[in-house]
Amino acid sequence: MLEELIVAGFGGQGVLSMGMTLAYAGMVEGKEISWMPSYGPEMRGGTANCITIISDNKISSPILSCFDTAIVLNQPSMDKFATRVKPGGLLLYESGTILRPSDRKDIAIVGIPATAEALKMKNARIMNMIILGAYLHLKPVVSLDSILEALKKVLPEKYHHLLPINEMALEKGEQLIHELEEPVMLVC
Amino acid sequence: MLEELIVAGFGGQGVLSMGMTLAYAGMVEGKEISWMPSYGPEMRGGTANCITIISDNKISSPILSCFDTAIVLNQPSMDKFATRVKPGGLLLYESGTILRPSDRKDIAIVGIPATAEALKMKNARIMNMIILGAYLHLKPVVSLDSILEALKKVLPEKYHHLLPINEMALEKGEQLIHELEEPVMLVC
Amino acid sequence: MEQQTIAASVKERKVKGKVEINIQKCKGCELCTLACKEGVLSVSNHINLKGYRYIVANNDLCTGCVNCALVCPDAVISVYRTPLKKKSADKSIGKEE
Amino acid sequence: MEQQTIAASVKERKVKGKVEINIQKCKGCELCTLACKEGVLSVSNHINLKGYRYIVANNDLCTGCVNCALVCPDAVISVYRTPLKKKSADKSIGKEE
Amino acid sequence: MTETKLMKGNEALAEAAILAGCDAYFGYPITPQSEVLEYLAREMPVRGGVVLQAESEVASINMVYGAAGAGFRAMTSSSSPGISLMQECISYMAGAELPCLVVNVNRAGPGLGTIQPGQGDYFQSVKGGGHGDYKLIVLAPSSVQEMADHVFLGFDLADKYRNPVLLLSDGAIGQMMEKVQFHAYQPPRVDKSSWATIGKPKTRSRNYITSLFIQPEQMEQHNQKLEAKFRLMRENEVRFEEMNTTDAEYLFVAYGLSARICQKAMDISRAKGIKVGLLRPITLFPYPSKRLAELAPQLKLVLSVELNSGQMVEDVRLAVNGKVPVEFYGRMGGMMPTPESIAEHLETLIKYHHDN
Amino acid sequence: MTETKLMKGNEALAEAAILAGCDAYFGYPITPQSEVLEYLAREMPVRGGVVLQAESEVASINMVYGAAGAGFRAMTSSSSPGISLMQECISYMAGAELPCLVVNVNRAGPGLGTIQPGQGDYFQSVKGGGHGDYKLIVLAPSSVQEMADHVFLGFDLADKYRNPVLLLSDGAIGQMMEKVQFHAYQPPRVDKSSWATIGKPKTRSRNYITSLFIQPEQMEQHNQKLEAKFRLMRENEVRFEEMNTTDAEYLFVAYGLSARICQKAMDISRAKGIKVGLLRPITLFPYPSKRLAELAPQLKLVLSVELNSGQMVEDVRLAVNGKVPVEFYGRMGGMMPTPESIAEHLETLIKYHHDN
Amino acid sequence: MTIEERSNIDIIQEKDNNIIGEPYETVYQKPGTLIDVDMHYCPGCYHSLVHKLLMEIIEEMDIQEQTIGVAPVGCSVFAYDYMDIDMQQAAHGRAAAVATGIKRLLPDKYVFTYQGDGDLAAIGIAETIHAINRGENILIVFINNAVYGMTSGQMAPTTLTGMQTTTSPAGRDTNIHGHPIKISELVAPLPGAFYVTRQAVNNANGVRRTKKALQNAFNYQRLKKGTCLVEIVGNCPSNWKMTPIECTGFVEEQMMKTFPVGDIKLPKAEDLKNLKEA
Amino acid sequence: MTIEERSNIDIIQEKDNNIIGEPYETVYQKPGTLIDVDMHYCPGCYHSLVHKLLMEIIEEMDIQEQTIGVAPVGCSVFAYDYMDIDMQQAAHGRAAAVATGIKRLLPDKYVFTYQGDGDLAAIGIAETIHAINRGENILIVFINNAVYGMTSGQMAPTTLTGMQTTTSPAGRDTNIHGHPIKISELVAPLPGAFYVTRQAVNNANGVRRTKKALQNAFNYQRLKKGTCLVEIVGNCPSNWKMTPIECTGFVEEQMMKTFPVGDIKLPKAEDLKNLKEA
């Protein structure tokens, strides 16, 4: 198993923590992992991304130019990373924010209205977990249990009361995939 | 013509200016010259020396390990440089201050009571010029006229009234050589 | 309820002011709302292209005191006033209160 | 002429002092001569191995006030005194005058 | 004790410092390594040890000088511009034979440059950015695990040779998270009483720390003593990692982050049947020159891959001494070469050298 | 104008600075080069130009940065430890493409070391003591005359390439007196209006001096621009002096003071029938590698002679790339190799290489 | 407000709705010398505000062609992207030395530095004090926001006692870290300091007074009588972890206690006479 | 006196002629902690004098084993050759940082720096001010001789107005070089400064007072209440180009005008209570 993933969006959208949760979950399952943030000069408002690799074998380069999966949460990230998804790969995006998705035909492109759903659940911050749930349903690189385990590490103790809503968000993501009009066809 | 000379003594004995006067005189005569002081960490009381080279041809190394002539004005310098005079060379020293001259047989060793003579002339500072006069008599590498010309450059304007006494000192040095009991036999 | 008081003061204004907000440059820091004692400024329910809730003005209440513009870090606010008497000096900064 | 005065004061001394000068370490700076008001110290006509005119003492005049030793930068001077009363504190530095 | 953690490189390094018995950390913030100071500012007061934010990098390294001179395990960390400011004192420490750990989380320069990762400080680290003849032992971690491991190793080597050790990382290794394990470690007992300034008892003569030898004879003697030490390091402390070299006809040489990227490039090339191996120097000084010279005869081409304009490539060339062509590939300014581009570059070079 | 004067190296350099139209000198005292500041403190106020004693070397070089950024000919000078302190700003100036002259009157190190002459700062000067990828043009005078000449040359090259130039001298060349002539010189008119900060008129867009390129793409572009410049220097600015190379079987390579000593050693060896020549690099960067490579085939042995533990010898080895054995001879700590000892060392090596 | 919270608002592109008709006249407008791009500063950051003030003054005094600015490393390192004047970016802490280099060569230009507290008071204190001690005829604009902004909120020499930062997680402890340095009070006694004042831009009147202080400083520079230092109490919403409005409260209640605003050193009347005459 | 003048005196090796018999008792003697070698200082240089005082105190307090000294570059760089205590030679200007490094690790030892004015006030002013601002519990001994001694007499930040040096050949011009910095007055207001005093060793009483000040400072260090700075007006016969006695005159008539002796900051009585109790 080798999953090379990039998550990209605005700083503050939970981009880094989404990748980090996946990385922790990988660790829980005894996999090799690497998580590489890109760090920008601006304190706020810039775009952020992180490359997360989960693998059964030792990981060589933590820096990649193309990815099995790209999860993008804003338009600039869509524009930048859509082309970097390997043929047959997955491009997952927040459909409420991104109005112009890629038109590539050789990859699976899936939009999820995660922001809207998060607001329905009265917590905008869990948007990233909805996306993560969707992703894990499409690509079960780690189990949901491992993710929940990981969340305990990523979330500071004082936010542990939020674990249930995060779990709900993950499930909501899975559900949203089921509700898609067209089924997703993953090649790999 | 090539003269490789070291002058060594206490700082303050006029060691550096003796070499410098020679260098200027060399320049007056259109010769190639190099003057290399050794500079020590102490402000006062250390020993000082300078290597002066006067040559008809371009000078290569300004730093030398053996010399045609060594002029030494204190015992430590005698101890250090006597062995560095080339066979056949000249070792000139202040005989009032240096009580243990070298016993080398392959070089000419000449002691001059320059300090005492300077005191007789009521100016301790001209000791170095007496020595220089003696040296120039033994080895006329430059003319006395050139030396007098040079002194005008070495001495700051405000000390130019001292030029006559310096000239007298130079002559006194020459005279002291004549007064030596044994005539000096220079090989080169 | 404060609206009431402000509305009252409007009537007494000798000069009328107007502010113009460059909403795309506004970062929604809300410092201007703190500076404006007339209640002219409020946060919009919309966000601009940079993702900030920008500021909107109710110019009916504006006295043109320039306080909001002075404190706006990003120089987003322009202020206009019906002329009273020409004051030549230091037109841009107003008088200390 | 000053010699006279000093000699006079000698007679009145209650304690007798003596200074010992490490002449090979003396640098002839003469600061001690400035500090000694009894005229104990003077510059020798000889120079030491380092080439300095060192200091010699006329201990007959010495009161053992340690002033010279205090100001000697190179710690060249030792001072001795006939005992008067034992003073335990701060023996090396004397009392400020 | 060997619990596996997921940590940032900078944090792993900071944690390792505590576990390695680092007595004192002095530092000044600079991206991309401020986490080291931040981590230690949080942890050190609780777990023992001195941590102090200095007023500058110059002050930091001079505080390290003082603490190291008093016999303590001391360290500092910074990034490129800050490390440049330390050059005078680093030279002093080498001259005064003071052990310490200096960490450079290299960013791309010159000047203020950018905060993105780079390897442009290779020359400064390895050849000597400060004045005079001295060497630092330079360790180049290429993973978060090594960010930790090299701290232990670094302190031990510093003590062993009484010499500063430089840990040369980069912004990517500092910022990325990977698994890391901390093994039980007991700092070796090093007797520093013969030189450390902790107060002179009547029973010994005074200790003093200095790099001043005003008499040339003494200075040269001291230089020779240092050179002997550097020779010893060259003999005993070379460390490197080798992959796929047995049958290699081509060789990547790369350290730190670029070695990780080359590893992937190697896989790509190997998949195409190109017999390429990788030599990853772990110590940049002393350099694995001997091993490179040994490998040279079997190789057709060596490619040094760096995040700079070509610095380590000189050491590769010096090592093989003309026995095999040495080429360079690099990106600068925080840009990353992709594994694909490296593999491609190798192929182009192979073709070129074949044709010429 | 071409009066011959007898001057100290440091003074000749200072005088040359005035004649070269140096607008501003900023410096801090340090032996063995304080005469530069002292000379200029005396002369500049009378003859025009700014001279200011700064509070430190860091301040000096940053004042130079400011003055150079405003389009003026500015310089500083120091000796080894002081130069180490300047590394950050030197890297900044290279990054910001500011022309200036930095003079290092090298003394022996590391650390405080001694005030006697040395060449231990070769690596720092040539490879880059500061962070990031940059190069300085490095001039190595070997006489008082060149101490003067290289100031004119240095300022001209600095302006030509918008890059700092380092004049790498040593304590002996700085302190010794030789004849020197100053030729008529008119500073070339360089139009700096497109980048110097002298106040923005309405007619042009603002100028700003910076080495900051936060976006890696831009930074790399900037790096490539700099590299292109360094390539140009390599192509156009190599300077060296050659003696007795036509029939040479052996070659001394040495710069500055050690080249002078080698010259005498060459005479000694030649007198014994040993066909030895001398190559004296005048620019240490760019290095006369091409010429060395050309000479390699005719040579049996190259001996690099330096006042350090062996630094330039690496550039010699890189140049000849294994085509001829390269050996090293040096003294350290302010000690001087004698011409005799060099000649002797050469003979020993000849015998050794002959036997092996 | 995080992006998550923002997302419940539609992104719209709305036309400006304040169109001004006659008989209004302009009483406040962005100065033309402030380049018309978005500044990278965080929302509510006083850096942007002070940039604006400086550019207003330069426009009003019409000295764009006579002014050179120096901004070292810190959040304001990009100042040259916003100020439409010739500028130099300086190494961290060295702005005063760089400005010295410029001013000594261009004595008739206006030269100012724009420095943060980490820059001026920590790494750059030597250059600052010596420039002032030499009485360099420059203006030092000193933005004191009590933290290192650009590097994400570490303790500065000016961090308030007890204040938490990423490197003083338990709050600044004066026993370990010392007391916050009051730069203005420290340097004012130096004879080279001509005019030293501390201002704050926490409200409109503060902005007026700060602008006046900066104006004074620019004018005084013509006298060549020494250094002017205008300290401005800054903020840092991002690293103080407060909204801009909360920051204003913190400035007024905490910062201004340790750093009281007001003039610390005023020029002597006789020195100012020349200015009035000119 | 130059060697030429000296030479009219024969070099002799004379036995000490002051032999002391009973019933004398020793009232002054070189401290045993001052190593019995010739100091390289020029004749009459106050450096040697202050070395002696420090070693007297260390002997009298019996704290040789508890004391670590730091001497940076300057004429006193060789201090470790004379002081029989553990010492560190520091880079030019950095003594206060080095001492910080030592003291933070060895908080119960006495740590002092010994610095010249070039060192402390020019290149090292940042480290000095920040160490004091942090209230490092160290003693800074500051020898202010108004020139750079070791490098042969260049202008220092403390050089008097109008004073000629090799780098101010026309005399220090305050318009160009600024006024002499008064370090003690500058740092005394910092809360981290516990005891700041300026003394001179121009005569025996001055020596007594200086010694007392240094003694105080050593004692206060036990309280861990902040930095003690003892500034001592120095001299430099070689570079002032005066005899030592002329130097004394210059110290009294010129130096002490700009640098008046006296206590600048005294500990509060309550702080000293603990000391008396101990």
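So that you can tell them apart, the chains are marked A, B, C, D, E, F, G and H in the order they are listed, and the count of residues begins at 1 in each.
Keep in mind that, in the parts below, a contact is a pair of C-beta atoms (placed from the backbone, for glycine too) under 8 Å apart; a residue touches a chain by one contact, two chains touch by 3 or more.
Predicted model, so just to flag it, every value in this text is computed and none were measured.
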item: Minimum number of chain-to-chain contact steps, subunit E to subunit H; value: 1
item: Any chain that touches subunit F and subunit C; value: G
item: Separation of subunit D from subunit F, taking each centre as the mean of its C-alpha atoms, in whole Å; value: 57
item: Distance between chain centroids, defined by C-alpha means - subunit C, subunit G (Å); value: 24
item: Approximate Å spacing (C-alpha centroids) for the pair subunit C, subunit D; value: 84
item: Shared-contact residues (touching 2 or more other chains) in subunit H; value: 3, 6, 11, 42-43, 77, 89, 91, 122-123, 125-126, 130, 150, 152, 157, 176-177
item: Subunit A residues counted as touching two or more neighbouring chains; value: 10, 41, 45
item: Where subunit D touches two or more other chains at once, by residue number; value: 50-51
item: Residue ranges of subunit F in contact with subunit B within the complex; value: 4, 6, 31-32, 114-115, 171-172, 175-179, 257, 260-261, 263-265, 267, 336, 338-341
item: Parts of subunit E lying in touch with subunit G, wherever the complex brings them together; value: 28-31, 34, 37-38, 41-42, 45, 52-53, 55-57, 81, 112
item: List of subunit H residues in touch with subunit E within their complex; value: 64-68, 70, 77-78, 80, 83-91, 94, 97-106, 109, 126-127, 130
item: Parts of subunit F lying in touch with subunit G, wherever the complex brings them together; value: 23-24, 26, 50, 52, 54-56, 58-60, 62-70, 72, 74, 88-89, 92, 96, 196-202, 206-212
item: Subunit C partner contacts - residues on subunit G that touch it in the complex; value: 1, 3, 6, 9-14, 16-20, 23-31, 34, 38-39, 41-49, 52, 56, 60, 201, 203-205, 207-209, 211, 237, 243-245, 248
